[in-house]
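Each of the next two complexes has chain A plus one other chain: chain B in the first, chain C in the second.
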Partner chain A sequence: MNNTFILFCQREWQLLFRNTSNLVQPLCFFVIIALLFPFSLPLENELLQRIGGGIIWVSAVLAILMSLESMFRADFNDGALEQWLIHPRSLPLAMLAKVFAHWCATGLILALFSPILCLAFRIPAEQIWVLFLGLIIGTPSLSLIGAIGAALTVTLHRGGVLLAIIILPLYIPILIFGAGMITQSYSGAAIYSQLYALLAILALAITLAPFAIAGALRTTIE
Partner chain B sequence: MVLLNSPYCKIILNEPLRLANWWANIPSISFSIVALYITALNLLSDISSTSIAPILSAHELRCVRGERCLFDGVGFSLSAGQCLHLLGSNGSGKTSLLRIIAGINRPQSGDVQWRASSIFDDPANRLKYFSAVAYLGHKDGLKDELTATENLSFYRRLENASNQTLIDQDLARMGILEHAEISANKLSFGQRRRLAFARLLHADFRLWILDEPFTGVDIQGRTLIEQICNQHLASGGIIILTNHQSLATSLFAQHIKQLRL
Partner chain C sequence: MNILSSIWKAVSRGFHRLGSPREFYTISNYLTPVFGALFLVLSLIGSYYALFVAPADYQQGDSYRILFVHVPSAWLSLFIYVVMASAAAIGLVWRMKMAFVVAICSAPIGAAFTSLALATGSLWGAPIWGTWWEWDARLTSELILLFLYFGVMALYYAFEERRTAERAMAVLAVVGVVIVPIIHFSVEWWSSLHQGATVFREGGPAMPPSMLTPLIYMALGFTFFYGYILFLRARNMVLSNERKSKWVRALLQPQTLQPQGLPSKILQAESGKEGTQ
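And now, the complex of A and B:
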């Protein structure tokens, strides 16, 4: 298959499995950050249950933020980005594939791993499902929006801090709705409004972010 | 009435009509033949004119890096089978010029034209240009983690060159077939340059833009690259390259135009 999306997905996965540190590092970071909280908080089951969901969300955001810096770095350093810029194939589609591969390596794995962390916080089973659902829908938006920042800072040698400053404020709405979903479900209310808000953000990010990433790369590489 | 409705009678009555119809077609047939003839003539004259007229030309290019003006008023024109050799001291803007011609950067002013249409202002022509151009810069675009074969395979598929068996042929042509299954970061610098060059062989790139193609390769490698460049020029391709040494003794010396920055 020579479809641009499939071609770039295959390439990214091939590279991920050659260089497994990109798969393992965000996950380890996520687990460790989340597990620091139970150690530093008073040992009250009720408190941990109430704030556990939010802590797991913040850990996921930080883990994804950490993995973003290297997203375009290797492709920029070895000149692959230049080659894509002057290729007749669609750059936004190629970038969408790259973000999708990045999400599979970070957001998807974090979401799959989150139920195990929930046990550490003694979060009840119904809320585990809510958290899992929220992460599955919310993390692709995190990757897509983060990729715009990564594209803007790709030429800077130490762009990590700048990237965090640009991107973290944009993550706040996703964090509000994602963590709010668990609080809502904990108090027994329906979670649809937050779910729809997350889905709306995702739909917006999928349609607009690839073009923003492509535009950002075109202007920064010059 | 019965007689008129019989099949024989129908044929007798219809046949002259059909003949008349056929004759009526003759003006249109002759017209279409003439039209075909004219278009064929046009096509022929197009082909003959493109081999003389410049395919790639640049006018009044100006590039500013930071505060400093690297070059101003640079222009050239190249037709099929010609090679442009950029000369200049370090930092004179050779790579910047190549990147502008390749379409990666935009010039401060001036224009690059491919088949008499701007590559910066005309989006349709820009896409056509990009499918005809191959840029090989200092950064080779190869992935450290992937083997030589996998690297080439990706670029072949990017160009829709489906036949994967020809990869070995390209590697053998560049003399690195025995390293086909070694990951690119374990290749020596010269071998890596050869692998990067192998990327140009598989697709129909009309224009090659090469930034110092002979750095890092040994004498055999240099001869090999010269041979391949010569073949490319002989088949109507265009090459723009930078090189610090003179190319007066190279195989394709008679096709070279020089431009000093």
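And now, the complex of A and C:
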């Protein structure tokens, strides 16, 4: 069982790290989206400070959404996906590994880079930690839920907009709790309730999403 | 035990019969007008009571009467989503053709009722709350529900092959029904301007019977309306899906076209094929 997970992680990491653009593109997208907001808002430090956390969360959601479209695309085009489907290995476990590798290349990197963006928005150090923690816990759920949508749209030629329509509504709870954590911490209150909610969503996503991804792949690829 | 098992057998036989498109088409011949008539009668009675018998609200005057459309639509927006997701799950598990048809035909109706609930709520909110839109838990959940419906429909129409489309749509509907409670819970975060539960709550409904009665009539009438439209849509879809099968061809030939049910000869000719559905 562990063997499948490790094998798939190794494979995905090799593929991701051999082509650096896989790692750089979501990060660039994330930073550019976040930097678009100050241009469209009145230039008040206090305002930016207050809404910066939410902006960074929205940017992270969009960056992950963009990266999801290509998640299964290459494997589908070269036929690897069909091989996994007929292989006796546990498909949900393999998909969990794939999503984990994908998260390492997107969500984790975004979370690691977010403190620098926080400085641009003049977010105080305390909230930087809260935001970082929220992103580390929240983005794996984003990848897991998004992978269901990616699996459903993998055979479609222009699945990008469709993917956004079907996945973004499902992201709302994570966004609410993630951004709520920062608002809460900003007003000096405890952040535990949101933190626990994010952890609960993550636990649910880890246990259920791999099966949904596997089911979605079996549905769309026949 | 014997009674229970025979009831179970009857139910499962009925279920399996409904699962075959041809049987569904025959049965729906009789059920569709019944649903339509029930809708008409119940909603007419409900409208009469709602508009003429129910007293005006002591605070809101007559403007509260939009409630008799708003609440049934809101109820149906959720009910239809549950029906759609259950049908989708049944279709995925038992590979039942009709379940997919029910799920797909429900989605646009559900989206329509969700829009209606949002629109009537907005119209009601303008004079009473003084705002067309409020970022309140129920309003926002309802809006997200509308987008979930749109997503399900968009996914279905994106595929060219019907079999793939209906199964992909079913997976999304089932995933959605797992996430809907989480969305609702998370959205309840904001302080709620919307009034709390009035009808289903501990200690009975907080509403005088003169207002509750028409509301129940309207809710039932709307539900039958959903059933009626669902049958009409599903019958159309069955005909289009099965247009190459023998019974639809026979049905659509002018000389065999009859207002009620299928000609008995065709039923007999096709009865040997039931196992293949």
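A few remarks follow.
Keep in mind that, in the parts below, the second predicted complex is superposed on the first by the 220 of 222 C-alpha atoms of A that agree within 3 Å, B and C clash if a C-alpha of one lies under 4 Å from a C-alpha of the other, contacts with A are read in each partner's own complex, and residues count from 1 in each chain.
Throughout what follows, a residue touches a chain if its C-beta (ideal position, glycine included) is under 8 Å from a C-beta of that chain, and two chains touch if they have at least 3 such contacts.
No experiment lies behind these values; they were computed from the predicted model shown.
Measured by the number of chain A residues touched, the leading partner among chain B and chain C is C.
In the superposition on chain A, A:Asn19 contacts chain B only, with no contact to chain C.
Once chain A of one complex is fitted onto chain A of the other, the partner contacts of A:Glu222 extend to both chain B and chain C.
Contact with neither chain B nor chain C is seen for A:Ile136 once the two complexes are overlaid on the shared chain. When both complexes are overlaid on chain A, the residue A:Gln83 reaches chain B alone and has no touch with chain C. Of the two partner chains placed by the overlay, only chain C lies in contact with A:Ala197; chain B stays clear of it.
After overlaying the two complexes on the shared chain, residue contacts for A:Phe177 are found with chain C alone; chain B is out of touch.
In the superposition on chain A, the residues of chain A touched by chain B in one structure and by chain C in the other are 222.
In the complex of the two chains, the chain C residues touching chain A come out as 92, 144, 147-148, 150-152, 154-155, 158-159, 163-164, 167-168, 170-172, 174-176, 178-179, 182-183, 185-187, 189. On chain A, the positions that touch chain C within their shared complex are 145, 148-149, 152-153, 155-156, 159, 162, 165-170, 172-173, 176-177, 180, 197, 201, 204, 208, 212, 215-216, 219-220, 222. Considering their complex, residues 2, 7, 11, 14-15, 18-19, 74, 77-80, 82-83, 85-89, 221-222 of chain A touch chain B.
Residues of chain B touching chain A in their complex: 102-106, 127-128, 130-131, 133, 135, 137-146, 150, 154, 157-158, 160, 162, 183.
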